[in-house]
């Protein structure tokens, strides 16, 4: 655990500069009648779940270079998230991935996490790998799909595994399950598109039937990988068709890296929100495909535009959906990578909150794209870091999470405790 | 008009070789129990509408290089399509574009076309340009959209224009209207995505309300161009949402060039067919964007896979939807370009008909992608040209349309008649 | 002409706030030992040439919606650039496009421009359209290419036209010619790749032979449009091969919109600079293809990274190459569009100048990507607008160019002077 | 080993049909004065090296589903290639990957392979993973690159490893080394582009210095993966710069999957051939990225166009460069996948040989793209399978490799011999 006084001590060395900068930001905002405190409060309210599978070093099919000190158990993953949350104040939950996370005593794990201020966000099932616990001890294989499979026994096993994840989630206090399916084909003719879709729809209905009333189910679209010709839930259109076919609490999840080149993701966010089916996000960034890079590291303006759509959907506030990070931290310290992502999201949110919505509506009504651009860029070009730092401070977190994290020597300590060879489960 | 005896004479010089090749194809098909005549009949049944706007030389924003002898009137466009159909036997209708085509006497035009064996396929409205007849004599402008516009007067004018097109189409015997909208934005913030979509949906409902009972309305998705940040009907998901919101006879039209890079178009065809909303096609080919190249000139295997999906939707036959060509014939003689497109479609259809569906279903059921590939490639690699030529011959058309067209000197004759400077309306 | 006192008057209403914000920026920079004045001086030194062809409303193949009051002559184009430069202080030259600009009396035009403080940047030849002045009065056509053409007469005409542009440029004081070629193919097999390349290389050598010693020649790569299968100068690799084959002062020009999806443009900038052949830029922005949107309106972080590479090439200062804007201002007032572009470039430059190069080099040396990201994002997230405004102020320009431009009613005045129907030459 | 009499017996069941079809093909070709035997001879001459790393089941970062019976040693890999070559007659060599293949007794391995008719194609070094044999027993790591690394010790180790591969290759009779580098960055600012390039160039020179006189070195460009922001050898332009900087026998290798979306790969082939630096290929196919699917399974027309360029470079024959397959056989039996690839290449070659080059040159000279397309499509649409089968027959291989392979029960036998759990080294 990271002691609060260590954070406070570090904050104290920065507090004067922070206050000075915050005053300037306040003044700047006041000129356009933006209430800095309202911005800070909304930013402070925001939280993004940490992915349990990205607390260790990620890899590609070509290799993996572990950093050491990675969490060896789900409890240690909770420890890492708690440490991160102590610094950011904005990672108050963890999203588990079964069977990589499969606690023997869920109640004990729940208590363990609660004591550390960490809740359980959406559960994630895994039918893209073969594991004895998901394949009826190897009786079936997911090589050719799970819910879309031509063999009913495979489909049944996949449904069972999802039920298991829901049951486990109930014990942990989760309220949602994310069903990401690797189902699809790598070659033309390998399967009938319609048959695959209909079987998948049927399977999702069976998973959904197991949901408690206060749970939601997320389908997550992705055009390719690990299949390279087609994917069953290939885009938001297919995801929405599935949600409509399944039931009211079936929602669509948007992973920023799961789109074809040049896709306008912010418009997709708007579409799904309009349809009442925007369930949540897997945040990351990418230049080429599902690169799973740090959120905001490649296209920060796109991230800002996405947060603008979220505020549009929430009528000025962030809507109550699932905000999760999904990155593959191949090169950086996973915790630093996740903290940079969290920071980038808070910055994008603060920028989006700075947009003068009345002026923007006027510019839109009068078809003045130059003015609309001035308004958006005006918000984006403003230095909102003091506002975000203040939101963190009010959440009893660090003014400079990465700086404090490094000063604390967290990774070194964990390598000492857990070993240089400790490798986390996950991708 | 192209005299039938000229075609017959040209065919006679090729008929022996043709029969010999056809016999070989028959024998080849018989080995896998494919009935060559059933293939020929289905190919002969197929027809693709010619676009009135692509009978002249097309251009880009950088320039246009007319070929001469282009049709100066809608009647001359009908002449060109009739000439083409005489050669291909597979272009039995023309699709008009208003106000580029705006006959003073629709009844006379209808009779003119009927006498030449040409029917009127879907009408096309135009709200992406300003024309006195569509802008209430310049009172409004479509610069910032039509049905999506923030100004009700613009939306009203766009609805009126579509009504006009329907009324005209009724007189011509058309049964459908294609509403391609250039509506969208070129800059972030220029418009509210949801507002644009809702206004467009409302406008389409008003257009639809004007439809006769036996008509269909097509919405056509496109991700970008002429707007470069967002498009209201950006993808098949948005197109389907509009169709669902409008009514039962609102259908989605697929233009092969209107997709993001790497999109799996054949899967989109399957999705729309499954949803019961596949209304038709604008056929063309492309390497980069909406290049509007000759159908089948760049990705013939993709075309084959699309026809496979159509046969899947039609349970072994081509479903009764609208098949239209939409190309921009910048470099080739437009008629040659369209005939090459028609030939490519017939070839793709014949190849698709050769697929052993029972064997394919077995390979799919047993998850044997290598075998499924053998089956598809086996059909694709077969030389189906004799089957397509025979379908043409049975339609009283040319065995070798391009060869006969060139031998006839059609273009030279038209340049003589219409002038070297004759330029057709259109893009 | 925009009177200086009008600008000063407008500045005076903003000066107090500006100075206050500038002081804060100064203080912020001082913390990391960045000299604000050095940044301001380098920003103030920067100038981007305005494209004569983008001073009117641009269009697509689907249509064009002119704004009115567009410059009718090259002199009026100079007027517009002078007005813009009065506001930005950073558009001190104009780049002409022949034959759209083809002055009868070049010496008079030169004097006219000098009196308004405007110089002549690179000349642009046009062999992608047919014009009597470039086609030997229609004796040849560029339909199938210019320098790459199979017909020597076409190649000769294209060379002649480029010589003409050079001769004209000499009289105007220009020092470079940009040879953008639309040459390529739209269909596989249309031409032999190697033959086209070799003929183009030969033609460029002939153009180059006509260059004065203090001139440079730019080749500009583009993968597609207006040809849709291949382009002769398709990418930087081909452009560099041509430059190497032509001579020392043959340089490569980078248009930001002329790349395949997902291309890393900043790396291409680095490669060309490393090869000693980076000649200049056509600045714009895009989401899909050669969208020609306002620079910085879609991917501002990419623009920042490009300026970082330029500073790397210039060892901390902007290298002495050609900085030109190339946009298609379809929806905005062209002057506002160009001023927003200029502002975005200055902002990106200021941000790039804020990067702590020593700290970055350390992070790179020690393979610390998280720290490198902190350094880059720290610069990018800083509000540099006061620094840019100060650079403008020192150039006797406007603190808020768009605001002052609108307050001045420039466009309304020009519509009154030039007419609502005045349409500029260009794309 | 697959006994020749088994193949002959299987061929005998097909020989009559084959001869009949071949006669028809001969007759068809004779009409356009194409000599069928010349085609067959050139197809029979062609051979593609099998990749040792793709003889087992491939995987993605999400998982791997082994097929069983995979080769456990390099000798067993040679066995598999020999079996495949017995069926195709067109896979006469294997390309090894060190340290996945690292024979204790190279001379013995060489003899083993020779006895089975298999030669050793290009050696492949591996500096994208950490292995004790390549990292000086873990003293260094390739996490942040190899030849581009900031640490000289890492660069030295990478050079040493490449020297080792060359030395090993010399003993095996190989004549080339392929240096595929995973070097690059995943985040802006992580490294200096120019620094990385210069260090890589220096390293390649040191590798090259170790080459025997009759060896060639291949650099292989790839835009991304496993790095997701930039790659040192990102495209053919960078690869060519490296080749020019290194020496005459430094050549560029084209992997079909290593390009940005929509790239015109056949033009790149032409460019490298024109520069005299086309060293060879890694054949595969893809729809999205480096999907490593079966060659010809997605874009067979592109494959045909590439072979057309090869014949252009070889003046009618296939040039003497390295033809290698590089696929990731995730779903299919690896040997079936590789045989389908080999078949697809032979088909594309035969189609390319059918192009009437004189007629094509005429169409190009007269700028007749419609006719050029007729010529290319005429060749592509011809059923060349009898010609390819005859080429196989003359090489004493199978008329129907997949059919015979399945009839032989090779995989079942290998699972019995090697075990269902046998997993091959590789990706």
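Annotations for the structure displayed:
The chains carry the letters A, B, C and D, assigned in the order they are written, with residues numbered from 1 in each.
Throughout what follows, a contact is a pair of C-beta atoms (placed from the backbone, for glycine too) under 8 Å apart; a residue touches a chain by one contact, two chains touch by 3 or more.
Just so it is clear, the structure is predicted and the values come from calculations on it, not from any experiment.
Farthest chain from chain D, judged by C-alpha centroids: C.
Should one ask which of A-D and A-B has more C-beta pairs in contact, the pair is A-B. Centre-to-centre separation of chain A and chain D, using mean CA positions: 39 Å. Centre-to-centre spacing of chain A and chain B amounts to 42 Å, using the average Cα coordinate of each chain.
Each of residues 143-144, 186-188, 190, 223-224, 229, 261-262, 264, 287-288, 294, 297-298, 301, 331-332, 369, 373 in chain D touches at least two other chains. On the side of chain B, the complex with chain C involves touching residues 58-63, 65, 128-130, 141-144, 182, 186-188, 190, 223-226, 228-229, 261, 286-289, 291-294, 297-298, 328, 330-332, 427. Chain A makes touch with chain C in their complex at residues 17, 21, 24, 28, 31, 261-262, 264, 287-288, 294, 296-301, 331-333, 336-337, 340, 344, 347, 369-370, 373-374, 377, 380-385, 402.
For chain D in complex with chain C, the touching residues are 143-144, 150, 185-195, 197-198, 223-224, 229-230, 234-238, 240-241, 260-264, 266-267, 270-271, 273-275, 301, 305, 308-309, 312, 360-361, 363-367, 369, 372-373, 375-376.
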